[in-house]
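Take a look at the structure set out below.
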Amino acid sequence: MNLKEFDWKPLALVPLLAVIVFPFVGSTSTWLTLTIAGLAMGMIVFIIASGLTLVFGLMDVLNFGHGVFIALGAFVATSVLGAMGDYTASASLWRNMLAVLPAMVVAMLVAGAIGLAFERFIVRPVYGNHLKQILITMGGMIIGEELIKVIWGPLQIPLPLPEGMRGTLLLGDAVVEKYRLVAVVVGAIVFAVLLWTLTRTKIGLLIRAGVQDREMVESLGYRIRVLFVGVFAVGSALAGLGGVMWGLYQQSVIPQMGAQVNVLIFIVLIIGGLGSTTGALVGALLVGLMANYTGFLVPKAALFSNILLMMAILLWRPQGVYALSK
Amino acid sequence: MNLLTLQGVHTHIGAYHILHGVDLAVPRGQLTMLLGRNGAGKTTTLRTIMGLWRASAGRIAFGGEDITRDATPQIAGRGIAYVPESMGIFADLTVKENMLLAARGARHARQMDEKRLQWIFSLFPAVEKFWNHPAGKLSGGQKQMLAVARAIVEPRELLIVDEPSKGLAPAIINNMIDAFAQLKASGVTILLVEQNINFARRLGDTVAVMDNGVVVHAGSMQALAENEELQHELLGLAL
Amino acid sequence: MILNRLLSNDWPRSRVLGAILVLLLLALAFQPFLIPGIKALNVAAKILVFIVLVASFDLLLGYTGIVSFAHTMFFGIGAYGVAVASARMGPGWGAIALGTLVALALSFALALAIGLFSLRVRAIFFSMITLAFAAAFQTLASQLSDLTGGEDGLTFKMPEVLSPGFTLSETPFLGLTIDGRILCYYLLFATCVVLFLALLRIVNSPFGRVLQAIRENEFRAEAIGYRVVVYRTISSILSALFATLAGAMLAIWLRYNGPDTTLSFEIMLDVLLIVVIGGMGTIYGAAIGAGLFLVAQSYLQDLLRLASGAVAGLPWLAALLSPDRWLLWLGLLFVLSVYYFPTGVVGRLRALRARAATSSPSPAAAAPAASPPTKSMQGDYVENN
């Protein structure tokens, strides 16, 4: 991709927001804490949203049930981490990772597998019909949420952070939670891997082309349906990973968490533009920052502030910041 | 020997019956022109061949094999390249990426056939000039060239092209005709939908004329060119 | 004929359907006399409210083709209007009237804004935005506790005539003592019938025809000369106003309103379920669907309780059949309806009638097919009237 041609403006919104808010916050250390918290939350939201934006962009499928994979991943993590108590109790970060990494992997595998089933039985019969997709994927999410309640019970389950990830670091005057830094790192890794796959591999090329013109990709001889299923599974797996991280961020999981995060994801996708990974990143970071800044400055307006942000972006670019030319 | 044959092909789009039994034969190694008024069903025929629309009746055979029920990727995989009316250029991808996509055998740009690329560059210099630029930045004519270039980046048995000269300036059209002449010389079978008379006159070997969803006349281009009365009757113009 | 004008020339067009509708009407009209007990009365009242709520949603979804998740927002505004007014001003007809009027005005303004905003964004974005809006509104309602009573909601009284303590006369009428509750029920019944017929009139008017044209082919409608945005906005506003009235009805009945009573996502899902099962784009579907759904919802849990007890030996099965998991089965029913029953009960009944009449193949959609490789026009989800 030619760097000169790259549209920097949306990406610049993220530091812009941070800078604008600074005078309202007052102290540098608080601002730093809030900003890192916002970026961490944003990264987790990005992990979840990245899968959905590709599914929508590539397959033109409106999956209103994406939240079920978030919840699934989080609950699977409770089981896995619950079984590895001696690893999570240890103060060593490396021993913690020996528990957390498997939890992430298992969550991703389970979510990906359910994603395959979801695509096959819920989504595939309604390709091409947006209304049916909305209805059916919502139905799928309800069913999934209820099944989670059957397996894990309907109540909130705590998901405590492993010992080694608790606590804070001091960056100058600012207090930063260790886990938030972990989240930012994981999110950055996911973004890097996604971007590399999309720009440097043929499969990524196929996905990017398919997002613009599915028919033409098929006419060039590629079985894009198979690619669809793969992307859907990967998207679900990413949602599962996001669910694990979200659960650890909140230190608890409830079956309704999928539906709750769903709304945020939609806002992110609308801001970012459907089908754009970079857009999802921008949207997610903006949403994360906004939620944390308003949570500090005007707590009651947290969700509304994100809606206002979304409206403002739509007035500027009605298709999202990185809308694809179709 | 016919490379591609259509027999009694009907196509419905929703409630609309577009093709009413198309019979078409595309001889190997020749350039077949598909002519006809707007709305005659030419584009629908091409799309049906490619499997983008499913034939509701009839038979389509390629190289002797029945491809009527095949899916589009399978049909393309048999060695058919399709250049649609809308060109199908991926605007957000670079010219290089567009070409790489079409090169099924290559996983990276450097795996594409260098000699072949040089030949393509000689036919369509704009492709080389804008190699690393987003394809959306190209002008209409350049996009059209890219669309054709993409179709030939790897050797294919059959080229199906839908109105490559539409909206192009006359000078560019001549370039396009030269390119097709070279392609023909290299032995590729071509099925071409075109309204431009020069194309027909200079390149056409066989011709089929469509009207109202059926082929009303098929024969050699020479025969049609010599018969002014027939030309008027079918197309309302003089070749 | 009077009946013709009353129904705005929109007949059920199926004998079975007509019979069911008449039964429903009679059942609702005479419910207090038929089945004693407060639970049955509550279910019946809820059906009346939901008929209006879902029918107004059908106007938006089935006739105009707009998917909006903000419908519960207007429902809540109506309920809160009556609630806040009655709580603040004290019980009385004045409070009800004022609360309803303010709510209608607010809904009008919001629906207008939403309608105009939809001009700028794609349909998909629009649906997602309404979802976000509804969520935000629910949060707002629970946060503005000074006004709305917050999470706990507002409890308030109704005018004396409508309260349970009031009795019309000591002597029972047809075995039933007519108290304020019954009077309240009949107030709701009358309102429901009037609003339902009004909606029928709207969708069968020239305005309604244009809406359907827009739903079928927006581009062509615009090309013919209809300003699509204007029609869509008016439809959004009408739909919102009716939903607001439904909210007012609910508040009058429950004498309580909280964020979860009217604004919750579950209610939005219920509305979607009802409109799909009943049949989109029919208005009658809302009535049938509401009746079926709410009766099932109330009594399904009892059914599940029985079933769960019966298989107590197999813990997994018992957990699946637990009455708390009724939503699971409803969700399954919903998914199956969307596949196999896309035109809903009304559509299916009408198709059967049509098939019997003309012995031509039924136009109702059959089993789900794998997606064809064509980009051709998809089979219509909504039954064409």
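Per-chain numbering from 1; labels A, B and C assigned in written order.
By our rule, a contact is a pair of C-beta atoms (placed from the backbone, for glycine too) under 8 Å apart; a residue touches a chain by one contact, two chains touch by 3 or more.
Predicted, not measured: the structure shown is a model, and the values here were computed from it.
By C-beta contact pairs, the most connected chain pair is A-C. Distance from the centre of chain B peaks at C, each centre being the average of the chain's Cα atoms. Centres computed as Cα averages put chain A at a distance of 43 Å from chain B. With centres taken as mean Cα positions, chain C sits 34 Å from chain A. If each chain is reduced to the centroid of its CA atoms, chain B and chain C end up 53 Å from each other. Among the residues of chain C, those in touch with two or more other chains are 375. Listed for chain A are residues 215, each touching two or more other chains.
In chain B, the residues touching two or more other chains are 52, 71-72.
On the chain C side of its complex with chain A, the touching residues are 67, 120-125, 127-129, 131-133, 135-136, 139-140, 143, 265, 269, 272, 276, 316, 319-320, 322, 324-325, 327-328, 330-332, 334-335, 338-339, 342, 368-371, 375, 378, 381.
For chain B in complex with chain A, the residues that touch the partner chain are 50, 52, 71-73, 76-77, 82, 84, 88, 90-94, 97, 100-102, 104, 107-108, 132-134, 136, 150. Chain contact summary for the complex, chain A toward chain B: residues 1-2, 5, 202, 205-206, 208-209, 212-213, 215-224, 324-325. Those residues of chain A that touch chain C in the complex are listed here as 62, 122, 124-132, 134-136, 138-140, 142-143, 145-147, 149-150, 154, 215, 259, 262-263, 266-267, 269-270, 274, 300, 303-304, 306-307, 310, 314-315, 318-320.
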